[in-house]
Structures are given as C-alpha cells and as structure tokens.
C-alpha cells in the first residue's frame, strides 16, 4: 500500500479507537457510578457553558449550578455564557421555584453618633475596618462605627451615612450583599421582605441592660417586653430579641411589640411603594410559604 | 453583551475593547503572561490564536445543528485541538525560530478559555457571518492586549522594539520585566490603568 | 543512585524552581479565580495533583507505545499494513488531540468514581475536578513528557513522568495556597479602586514569583550534597 | 445554619439515566475523530519533511562556521557510543578532496536554570578549539544569557586542548583560562565543562577509530 494512505489509516484508526474506548468507558461509568442528583441541578449545569473557567467565583459550573438552584447565588454570574445563559436559568428555575421574596439589607443599630456614648477622638484611617481594631473607640463594641465602609462598597447608592449611622434605602437595595461583607462588626444582614413592612431589631448589643444603658441611649436593654404580644415570633437570645422570619406572621399584630419597647430597638422597615399611605396596617403580599429559601442565620 | 442579537458588526466591535478578552473577561491568561516578554513572540502567538479561533468558530458554526448538549464541550475541544495541531505544524515548517521560542505555549492554545468560551457563547448559536465577525473581533482584542503587554515589557526591559534598540543605550534595562515576575507586574499595572481609564470615562459620560 | 538524583532534580525543578504557575504561567485561571479562600485553594491544589498524576501516567503510556517516533505498537501496525520499513513511523501529530481526549475523559471518570464511592472526599475536593479539564497545567505536564520521549539520549520512563507531574502538582498547590493566604489578608487592605480584584492579585503574584526566583540553583546544590554524601 | 430548602430533599429518589446506545449517541465525536485523524495525517505528510529539514538545517548551518567557514566542504554525520553509555552524534567537515578540515560536536550540561546546549568546533587532530556556539539555553536574562554573546564565546577560539579549560574571574593569564561572565560564574563553568567533555569525547572517538 501507499505510505501516505497507511499514515492516514493509522492516524484515523488510532484516534477512532481512542474515542470509542473513552466513550464506552465513560458511558459505562455514567451508569455504574450513578448517584441520584437533583434534576434541576443537572438541568442548570447543562445550560451553563461547562467551560469551568471559575470566573463566577465558584469552582466549576456544577457547583455554581447547585448554588443557583439552592438560591445561594444569582443566575447572572456566568461570564462566558452571558445574558442568554442567565435568562435560560431564570426561565428554568422560575417555572419550578415558585415565588421568592426580595432579600434586602438592614442595619441592626439605630444609634446616631450623639446617641452612642463614651467615644474617644480617632484620627486614624477613616474606615470602619481600621477603626474597629482600635479598642475603646466608642462605648458600644457592637454598634455602627459610622465611617461608611458599607456606603463605599454599595454600587447602587442605597446607603447613606446620617449622623454617623448607616441608613439603607430599601427601595434602592438590590440585595447584592456587598455591605454585609464589608461591615467589620457584622451588623448588616439580609432579611426576606415578605410583607410590605418588616419588623427589624435595630440593636446588636448582647450585653445586659445596665451595661447597654452605659454606652447607648437607644440600645436594647433586654427587657423581653416585645416577646409577649408576638405569639412566639420574637424570642430572646443573648439578651436580644430575635425575629423568626421563617414563621408566618399573618394574624400577629407586631405593632404591639413595637409599642411595648421602652427604647427604640424595634422598628418597621417598609418598601415605600406608596409613600402617602399612612403607616399602620401593612398590606400582605400573598406568597407560598413552603418554598422559602433561607440563606443565613437570621439575627432579626 | 447586548440584549437581543447583535449584528456581525456589533460583535466585531465588542471583541476589541468593550469585551476585550484579557482586560475585561480575564480569559486566556497563560499565553498572555508567558510569551509577552517581547513583541515578536507576542504577535506570533496572537496571530496563531486568532487563526485557531477563526477556524474553530467557523467549524462549530457550521455543525451547530448537529451538536448534542452533553457532548458539545468535547466536540469543541476536539475541533480546537485539531486546528491547534495544524497551526503548530505550520509554525514549525515556516517560522521555525518562532515555533522554538513559543515552545509548549502553542499547544496550550487548546485550553485557552477564550476560544472555548467564544465557541460556546457565540459560534454554537449564531450563523456563520456572526461567528466570523466575533472571532475576528475577539482575535483583534486579544492581539491588542498581547501587543500592549509585549510593548511595555520589551521597551522597558530591553530598551528595544521588535529586537531593534530604540531607547538610548544609557537606559538601564529593567531586567525584571523580561523575567516571569515582570509579566504579572506589568499585567497588573496595565489592568489597573485600563480600569481607571474606564471609570473616568464613565464618570464623564454620567456628568454630561 | 543517579536515577534517584535525576528524579529528585525533576521533582524539585517542577515544584519550586520552575514552578508551573509562577515560572511557566500554566494554571493561571484557577490561580487567580479560586484563590480567595485557603481551604478552597488547598482543595483545588489536591485535585490538580491527583489528576495530573493520572493524566501523566495515561499520556506517558499512550506516547511511549503509540505516539512517539518509532513507537513499538505503531511500528508493528505499520509493518502489518505493509508500509515501507525504511521510514520511521511518527504519529506525534495526533498527540495534542489524544492528550485532550485522555484528560477530559479521565477527569470525568475520576469525578464519577469519587462521587460514587467517596462522597465525603467528593464534597471536599471533588467539586474542583471538572474545573481541571481546561487547566493548562495538566496539558503542560503531558507536553513536557512528550518532549522527553521524542528521542535523544535518554527516553523518560514512567517514574520520570510521575516525578515531573507530582512535583508540578505540589508546586501548583504551594503557589495557590500561598496566594490564597495573601488574598485573605488583602481583603482587609485599602486597595485603590482600579486595582481591586484581579489587578492587585496579579501584582501580588508578581512579587511571589520574584520570591520563587530565589529557588534557582537549589536543586544543583542539594544534588551535589547528596552525591558528596553518598561518595564518602 | 437553618436551611429550609425544599429543592433537594435527602430521601428523594431520582431515576438513573436510561441505558442508551452510547456509540450512536456520540456519533459526531467519532465522526470528527476520523475526520481530524485524516486531516492531520495529510498535514503531517505535507509538512513534516519541511519541519525535519528545519531542525537539521539549524545545526548544519552552524557546522561550517565553527571550522573556519571554508568555501567548499562536505559534512559527514557520525555517531559513537561513549564509555559512559551516551550515544553522541557529531560532524566531520572535509573539503572536496576528502581532506579533513575539522570536527563539530554537540555538547550539553545542566547550567544555572536549565540544560545548556552547545556546538563545539575542533581542528582535525582535536588539539585546538576552533569555536563554540550556544544552541539552546534558558539562563537568567542580563546575566547568564551573556554566555551566548561573542565577547564570552570568542575567548574559546584558538584555545589549546592539552589542558582542560578553566574559568577565572580576572583577566586570564594562560591560554587554557577563560574569563567568566560577570555575575554568572555557574553558567560560565557549565559551558567550560561541557566543552572539556566534548574534547574528551572526540579524543576517545579518534583513539577508537584511528583511521
């Protein structure tokens, strides 16, 4: 035979043999090593490019798919796939996930600069991260420091520093969690806005009441007066009220709890869709509670 | 990425700066860092990559109705590997010096994320003209990025461009830029510069 | 003794002196992408080391028996098909495709195997496995092995291939874990806005690469010391 | 961590994938394997002679330069197994009347960073070095890579081979001394050692093939 022809035969043949071998082994392994997995994760993995480039911050497409399905990551992170992929994922999961609630950031501190006591002058780097390392910068070791690290990282202009206290505009907040990560004292958390107005505990001080009164004029003194009218929705943990956002709050008048509070540690924060409407009876958003996606340890 | 379906011209423009594979998408970093210590290998590499990207995009776009979802990545890599082998042999036959200098980085084009991500995001969904425009745009973007790195590193590191001395001989060559650490430092600095420039432009647009 | 020294030289060379990431720039994507937390970086490093060893074994076998010039199996086939016996059979043109095939399938196979039989292991580092298919470090190791099977004085044996690949994998792990440690600290620093993220990571990697340049020549020194010790 | 997720319930059973005909499923991959195999074989047949010629020319073009650039010459490629078991290939350059002009030998040794490969030109009786060229090296730019520069390499021209070459750090006092590249003693010593080894190899060859 001709040498060229034989080279071609050999090359094509060897590649074919390798391909067939691999296909058979993988096909067999796919069935023999089958592990039951959520078909939704498989579906999302198939939508993703599968380039496993790591650009989304997750290790590989499969892990990202799992995170998306479990609601731990937004569907828009895939760089190579772009908008098309994001739309498809949203479509796939949108059909099966049902309704979810918007998660928004809230600050668990309500004390303005004047209301925080025992402050010492600080001339160091003007960031919370640096100031947090200085002992005795202010009496309360739990509350807002007021240097605006959260404001700096917010790309949506949803955070303002008002009298040395971070105030979040829930209408602008997209729930991206950048501020949650930036706060060195961890007093910003994400909570589900199931109703138009949501009850939020605005103090993070875990100390006893006497100590709190020493350092703050508005902080929670742990009197637990708010728990009684709440029908178990509010619990006291570490001398702080904790709101259980997983429970259905319909039928419980949480305004009574707010009224009982001798300080200013419990407030309603609402989506101000209709600003003219007087505060009082919040309208309920009807949603299916069975599909709540819970993400972090709520500190309420 | 523009919303609905951008025209070939839009895809072409997008690859050059707005979606530059290196400065924007951070894809295909190995060759970017490894072969940019002077302009000549950098440009050879960029052209080889563009060639593979173009060929792969054309083939994938043509066979796109036959693709099966779970095997598509394998098909992409197979196609890319074949074209890389061809590019490698062409270089060895007609540009032997360059092929020796680029060494293993030519075959490493196979695992260059740019190509696989373009095959996935564009070629496997778009008709031929779109795929070609996309490949050429991305190729030019990649070439620009590699050339900018090669330019800075060769000029400051050896005082020359394309092997010709341009800076006066009194220039103390910044040897570190030619060495591996220089690749990281230069790319980091250039990336910062590009980011700062885009941020300023955005701010100006907003104020207008 | 000489074999052990040469294996040692290959190993140290791949792990420290010519570190895959910091000297050859292979595996940069995960190096920048998955180096935000030390535990994740370590998982990634272990997965790469494991897969690189498997891929090296397979590609060495493939290259030695089929793909290298004058390989026994292809030479036999050549003769069987009636080819001209004076010509050296060289199928190395197929090697890139063959390697990519082998890497992709072995990664997938290993992932399925680990997922089925070692679920705990899979949770801690199996998730990194699919990410590795497009990791240049693996293909680079295969290419280095191929380079040393092309002919010349000494063809590499399987042990040389393993020394290179395991050394390279460990070098990758060292680099990415150090990088992750640095980046965890960087989170607390006030970085100029334009350099945030990959920009500062690259600058840090540059300084790290400079530090690794200090290892140059270590292998010779240690090898000389071993030689002197064994001679006495 | 209170995870209330209804998406993946632990006890839920998902069906195993259906047993399909795998090869039929992967027909496109198999088809591409054949196509690319054929295409690459073509490329190989067409281009490999050019590549091979490139590789040979790289060395062969340097061979006459290293024995004093004669106008007319023939090159013979020879090989020999050394006492240490290495197989060497080297070149004998002759003029048109088959009179020997000199020898060119490949030499290599591990330098500071990686293997340094050299070509060494020697006269017919292996008593004098006619020239050296560095073929491949990866030494530090700005220091070790200066071994490729004419300044360093020209010192070898005309050096006698009676004594092994040695590297000195100041101006050389004797013929067999070579001044090191500043800041790159290891690279310089490596080159000198490789040249010495090449001389020994050639002498061994000449002794075992007295013709």
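As written, the chains take the letters A, B, C and D, and residue 1 is the first residue of each chain.
The rule we apply is simple: contacts are C-beta pairs under 8 Å (C-beta built on N, C-alpha and C of every residue); 3 or more make two chains touch, one makes a residue touch a chain.
Keep in mind the model is a prediction, meaning the values are calculated, not measured.
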Could you quickly compare A-B and A-C and let me know which has more C-beta contacts? A-C
CA centroid of chain A to CA centroid of chain B, Å: 37
With chain centres taken as the means of their Cα atoms, state the distance from chain A to chain C in Å. 38
From the C-alpha centre of chain B to that of chain C, how far is it in Å? 23
Need the CA-centroid distance for the pair chain A / chain D, whole Å please. 59
Send over the residues of chain B in touch with two or more other chains. 26-27, 73-74, 78, 81-82, 85, 89, 113, 116, 179
At which residue positions does chain D touch at least two other chains? 25-26, 29, 33, 36-37, 40-41, 43-44, 48, 140
What residues in chain C touch two or more of the other chains? 29, 93-94, 97, 101, 133-134
Using the definition of touching given at the top, classify the network of chains in this structure as line, ring, star, complete or other. complete
Tell me, which parts of chain D touch chain B in their complex? 25-26, 28-29, 32-33, 36, 39-40, 43-44, 47-48, 50-51, 54-55, 58, 140-142
Can you tell me which positions in chain C touch chain B when the two form their complex? 22-29, 32, 93-94, 96-97, 100-101, 104, 133-136, 139-140, 143-144, 147, 192-195, 198-203, 205-207, 209-210, 213
Per the touch rule above, chain A residues touching chain C in the complex are 1, 3, 6, 9-11, 14-15, 18-19, 22, 25-26, 29-30, 32-35, 50-55, 57, 59-63, 125, 127, 129
Contact set on chain A toward chain B in their complex: 46, 49-51, 53, 55, 79-84
Taking the complex as given, what residues does chain C use to touch chain D? 9, 17-18, 90, 93-94, 97, 153, 216-217, 220
